[in-house]
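Here chain A shows up in two complexes: once beside chain B, once beside chain C.
Coming up: the complex of A and B.
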C-alpha cells in the first residue's frame, strides 16, 4: 500500500500569545490519487495547515500538539535533512500568486533545474532537457522559450503552469495547492484544475486543494473538508457535503459561492433601468507605446451605460477592461472618440472626475498604509469648502452607509480585514456623490463570503442612490448575480453586448461562448443542480 | 537589451559633450582676454607682443565660430593633447593621468574596504532585525555619516601616525601610505552600504519566493546563498557605482590633508592657481569616467535584475 498523508489532532499556537490556538485539532487524510478540497474563508487556517505539513510555519508559530505523518514518517519531529528531502520530493506545493513565488532574477529553466538536482540528481544539460520536457507537459507551446524567459515575462496563467511544473519536478506523491487559481479567470482556472487532475489520474498524485471557493472545485474533488477559525467543521464526500451541508458555516459558504440563483431574478426585477444614459462612449480608442507590433489596448469601443444600470464588463486579462476604466475616469486620454457623462459634457473637468469613481481590486493597495482610514477618506474632501464638522459628518455618514463601524476610522489599513477595507474604498468613492461607480475586479481578492456581502452592498447602493455601476470582472457568477447587461471585451474590442439572460443562454461571439462554457461545469448549473436536488 | 544599450550610450555621450562644452567655455567666461589665455595654454614661451598674439590667434583659429573652436578643442583633447599647464608649463595630460591612477587606486581600496565591512554588518543587522545587534550596528554606522573627513583625518593621524607610529601621516610612497586616507574615505560609504545591505537583505529574506524555494526542498543555507544574498546585494551594486563615480573628484579633502597626489588634489591646486588648462583636463576626465562607470553599472544591474531593468526603459 502506498503512503497516505495523515494529519491528526494538529494544533498550532502563536508562542508569543497564549490563548486560543490558531489551529485546533485539525485532522485529515489524503490517499494517493485522491483529490481533497480544504475550504474556508480567509483566516480560517487553511494555509497554515499546509505550512505545518511542510514544517515551514512562520517564525513565532509552532506545532504544539498532534501529528503529521507521511506513511510511517512523523513530520513534526523529522530532522532538517529529512524534511528537505520530503519538501518538493514527496510533497509539492502550489501558490496563489505564482509570479511572486519565482525569484525575479532567474530564468524559469534555472528554477526548474533546482528541484531536478535536489530530488532527481539531474545536472547540466540533462537537467535542462528535463526542464523543457516538464514545461511541455504542463502545456507550454514553446517550452524552450519558456525555459529561457524570466518570471515577469509570463502571463498569470503560464506562470501558474510553470509553477506546477516546478512543484511536480521532484515527482512528489502529494501536492498542496494553496488557492492556485483564485487570481485567474475561469478559463485558466479550469485548465489548471484539469492539469492537476491529469497528474492525479496518470500517476496517483494525491492533492490537497485549498480554496475559499467551494464551487470551483466541486467538479474535481472527491472529498471536501470545511474549516472555520482553525477547526474542521465538516468533512465528507463532495456530493454529500454539497447536497446536505451539516454546519451553518458550510451552508453560508455554499450560498456565497453560488450567486446564480439570486442573480438573474432579483437583480433584474428589482431595478427599473431608465433609458437615459449616465455614461456614453463613442468610438473610444487608445494604444500604448509606439511599438510596431502593438495593437490598440482599446479599439473603437462604443457603449452606453444607462442610469441606474449595472453593466458587467467581461474579458480575460489583457483584453482592455482596465484601460477602458482608466479612459472613463480620465486617467488616460483617448487617442480617438469621446467619453461623455450625463450633465458634465465630454471635457475632463473636475465635475466629471467627481461624477465617476473607482473601486479598486486590492483593498490593501488602495490605502496609504501609514494613514488612518479617516485621513484617507478626508483626502477627496480636502478641496471642498466644508467645515471640519461637516466633513467629519459626511465621512461618518458614508462609513455608516457602507455598514462600517465609525470607530474603524482611527485604524490603519493593516488593522482591518480585506472586506472592511473594501467597504471603506466604497465609502471613499461615495463621498464625492458620483453618478457612476466603476468596480474593477472589486471583489476578486476577497473570499466568497465577504465577496457576497460586498456585492449586496453595491446592489443596495445602486437601488437607494440610483447609482450606475460598471462591474469589470472575470467572474461569470458576479455578472450573473449583479448585472442587467454584459459587455464582452476581447483584444481591445467590444465583441458582444447583450442582456445577461440572453448572454448566458445564447452567447454570440466565440470568446463569449468559451467564457460561458468554462463557467458552467465548475459552478453554475452543475452545482446548482446538486443544491436544488437537496432542497 | 540592444535598444537599452543604445539609449544609455547616447545619454552617456550627450552628458560628456554637454559637460565638456561647459568646461571649454571657461576661458571665455572668466575675466581676462580669452585669446591670451588660450595662447598661454598652447605655447610654452611667454608672448608679450600684441602683433604676435594676433598672428598666433589667427593660426590657432581663434577667429572661427565658437562651435568650430569647440570641436577642434574636443578633437585634440581626446587625442591626448590637453594643452599646457599654466603653472608647470608641461602638458596637462602628463599630470592628469598619473593623478587619475592614484585616485582610482585610493578609491578602489576605500570602497573595497567599505564593502568588506558592510557585508557582514548589514547581513548581521538584517538577520537580527529590530534586536540589540541590529540597533547597535545601525546606530554606530549611522553616526559615521555625520563625521566630517576634516575632523576624522587628523584624529586618525593623531592615533596611528603620532601616538602609535605605525603608519605614515602623509604622502604617497608605499602600500602603508594608502591606509589612513583610504580609511577616512571609506567610513561614510561604509555606513551607507551597511544600510543598503541591511534593507536589501531584509527585503530578500521576506520575499515570498524564498518560502517557495524552501517548500521545494532547498535547505536553509543553500536558500540564503542562492536566493537571498544575490538578490539582497543588488542595491549595493548600484550604490557602489554611484560612490565610485562621486569619489573620483570628491576625495579633495582627504587628498589635500594626506598630501596624496591624486585627482582631488590636482583639481584643488588647479583652482587655487587659476590653472585653467589643468582644471579643464581634470574635470573632463573625471566626468567622462564617472558617467562611464554609472552607465556600466546600469548595464550590469539590468543583466542581474531583468525585471527592474525592464521597468527602467
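Coming up: the complex of A and C.
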C-alpha cells in the first residue's frame, strides 16, 4: 500500500502572542489518488495548514502540537535535509501567483531542470528533454518554445501550467495546491483542474486543493474539508457536504459561492435603465509600444453605458479591460477616440475625473499603510470649501452608508479586514458624488462570503443613488448576479455586447462561448438545485 | 548578522559616546581649560600631564582646548553638508521619479557623470576655484554629495508611485503636491534618514581630509583635519598631536554610522511589519 499524507491534531501558535492557537487540532488525511478540497474564508488557516506540512511556516509561528506524517515519516520533527528531499520530491506545491514564484531572469526550462537534477538526477540534454516532455504533458502546444521563454512571456494560465510542470517534475506523490486558480478566469481554472485530475488518474497523485470557492472544485473533489478560524468544522464526501451541509458556516459559504442570477434584466431589478448615456466611448484606442508593431492594448472600442445600468466587462487577463478603465478615469491618455461623460466635456478635466470613480482589486494596496482611514478619506474633500465639521459629517455619512462602523476611521489599513477596506474604498469614491463607479475585479481578492456582501452593497448603491456600475471581472457568477448587460473584451477589442440573459443563452463570439461553457457546473452536479433542496 | 544583544549594546554605547562628544564640543568655550589660540612657547610639544591633559602642540597650545574648538567646525560642516545633500538629493530623486521623461533622463545621467568623478578631486577643484572657507567647502562637498541620496530617493519614489494608494489618490483628484508630501515623502523618510547617518560619517572624514590638505579652515582657526596636518612633522616627539584628532574623527564617524545602521534596520523591520500585516 502506498503512503498516505496524514495530519493529526495539528496545532500552530504565534510564539510571540500566547492565547488562542492559529490552527487548533486540524486533522486530515489524503490517500494516493485522492482529490481533497480544503475550503474556507480568508484567514481560516488553509494556507497555514499547507505551509505546516512543508515546514515552511513564517517566522514566529511554530507547530506546538499534533503530527504530520507522510507514510512513516514524521514531518514536524524532520531535519532540513530530509525536508528538502520531501519538498518537491514527494510533496509538490502549487501557488496562487505563479509568476511571482518564478525567477524573472531565468527561462522556464532552467527552472524545470533544477528539480529534475535534485530529485531525478538528470543533467544536461537529458534534463532539457525531460523538461520539454513535462511542458508537453501540462498542455503546452509548443513545449520547446515554452522551455525557452521567460516567465513574463507566459500568460497567467500558461504560467500556472508551467508551475504545475515544476511541481510535478520531481514526480511527487502528493500535491498541495494553494488557490492556484483564484487569479485566473473560469476557462483557465477548468483547464488546470482537469490537468490535475488527469495526473491523479494516471499515476495516483494525491491532491490537497485549497480554495475559497467551494463551487469551483465541486466537480473534481472526492472529499471536502471546511475550515473556520483555524478549526475543521466539517468534512465528508463532496456530494454529502454540498447536499446536506451540517455546519452553518459551510452553508453560508455554499450560498455565497452560488450567486443566484437576479440582475439579468432591468425589470427584474426594479430599476428601468434610462436610455440616456452616463458614459460613452467612441473608437477609443491605446497602444503602449508605438514604435514596435505591437498589438494595441485597447483597439477602437465604442461603448455606451446607460444611466443606472450595471455593465459587466469580461475578458481574459491582458484583454485590455483594465486599460480601458484607466482610459476612462483619465489615468492614461487615449491615442485615438473620445471618452464623454454625461454633463461634462470630452476633455480630461478634474471634474470629469471625479464623476467616474474606481474600486480597486487589492484592498490593502488602495490605502496608504501609514495613514488612518480618516486621513485617506479626507483627501478627496481637501479641495472643497467645507468646514472641518461639515467634512467630518460627510465622511461619517459615507462610511455609514457603506455599512462601516465610524470608529474604524481611526484605524490604519492593516488593522482592518479586506472586506472593510473594500467598503472604505467605496465610501471614498462616494464622497465625490460620482455618476459612474468602475469596479476593477473589486471582489476577486475576497472570500466568497465577503464578496457577496460587497456585491449586495454595490447593488444597493446602484438602486438608491442611481449609480452606473461597470464590473470588470473574470467571474461569470458575478456577472450573472449583478449585470444587465455584458461586454466581452478579447485582445483589446470589444467582441460582444449583449443583455446578460441573451449572452448566457446564446453567446455569439467564440471566446464568449468558451467563457460561458466553462462557467456551467459539470458532472451533473447542479449546485443551485442541491442547495435549494437542502433548504 | 551578529546577535541582537551585542547590537543593542553597541548602539547604546555609540549613542552615549556621541552625546558626550557633541555636548563637550558645543560647550567648548566654557569648559575648555585654555583659549584655543593661547600660545605657551616655553611648553612646546609637552606630553600629556596634569596641566595639559592631552599635552601641547608645536606652538605650545593646549591640545584638548584645540580639539574641542576644532570639533565645532568639523561637525558643523559635516552636519550642514549632510542636511544639504539629503534635501537636495531627495528633491532631485523625487522630481526624477514623478516627472519621468527627459527630466528624469537628464538628472539620472548627471548623477552618473558625477558618480564617475572622484569626490575629492571635484572638491579640490571647487575649493581651488572659489577659495577656502565654510561656504566654498560646503559647496564642494554638496556638488558630488547629493548623488547617493538622489539614487535612493528616485528608486523608492518609483516604487511608492506604483502602489495602489497613489493611483487611488489620483483617481479622487488629489493634486500632485498632496501625493508627494503626504504619500511619497513619509514613505521615504526612514530610509533617507538611515542613508543620511551613513553619509555623515563619510562627510566628516572628507572634511578632515580637505582640511588636512589645507583646503578647509585657515589658521589660526582649526579643525580636526588641520590639527592632524600641523602635528605630522612632530609625530615622533609628540604622538598625541596626531592620535587625539585622528581618534576624534574616527570615533564620531563610527558612532554615527552605527546608529545609522541601527536606524535603517529598525525602519526596514517596521516597513516589513506594515507590509506583512
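Here is the rule we use: the second predicted complex is superposed on the first by the 516 of 535 C-alpha atoms of A that agree within 3 Å, B and C clash if a C-alpha of one lies under 4 Å from a C-alpha of the other, contacts with A are read in each partner's own complex, and residues count from 1 in each chain.
The rule we apply is simple: a contact is a pair of C-beta atoms (placed from the backbone, for glycine too) under 8 Å apart; a residue touches a chain by one contact, two chains touch by 3 or more.
Just so it is clear, the structure is predicted and the values come from calculations on it, not from any experiment.
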| item | value |
| --- | --- |
| Joint occupancy of chain A by chain B and chain C, clash or fit | clash |
| Which superposed partner A:358 touches (first chain B, second chain C, both, neither) | second |
| Touched partner set for A:387, first chain B, second chain C, both or neither | neither |
| Contacts of A:85 with chain B and chain C, given as first, second, both or neither | first |
| First (chain B), second (chain C), both or neither touched by A:102 | first |
| For the chain A and chain C complex, residues of the former touching the latter | 329, 331, 350, 353-354, 357-358, 360, 362, 365-371, 375-376, 379-380, 382-383, 414-415, 425, 428-429, 431-432 |
| Partner chain A, residues of chain B touching it in the complex | 207-209, 211-220, 226-227, 230-231, 234, 304-308, 310 |
| Touching residues (chain side chain C, partner chain A) in the complex | 163-165, 167-175, 178, 182-183, 186-187, 274-275, 277 |
| Contacting residues of chain A [partner chain B, same complex] | 54, 56, 80-81, 84-89, 92-93, 95, 97, 100-105, 114-115, 118-119, 150-152, 166-167, 169-170 |
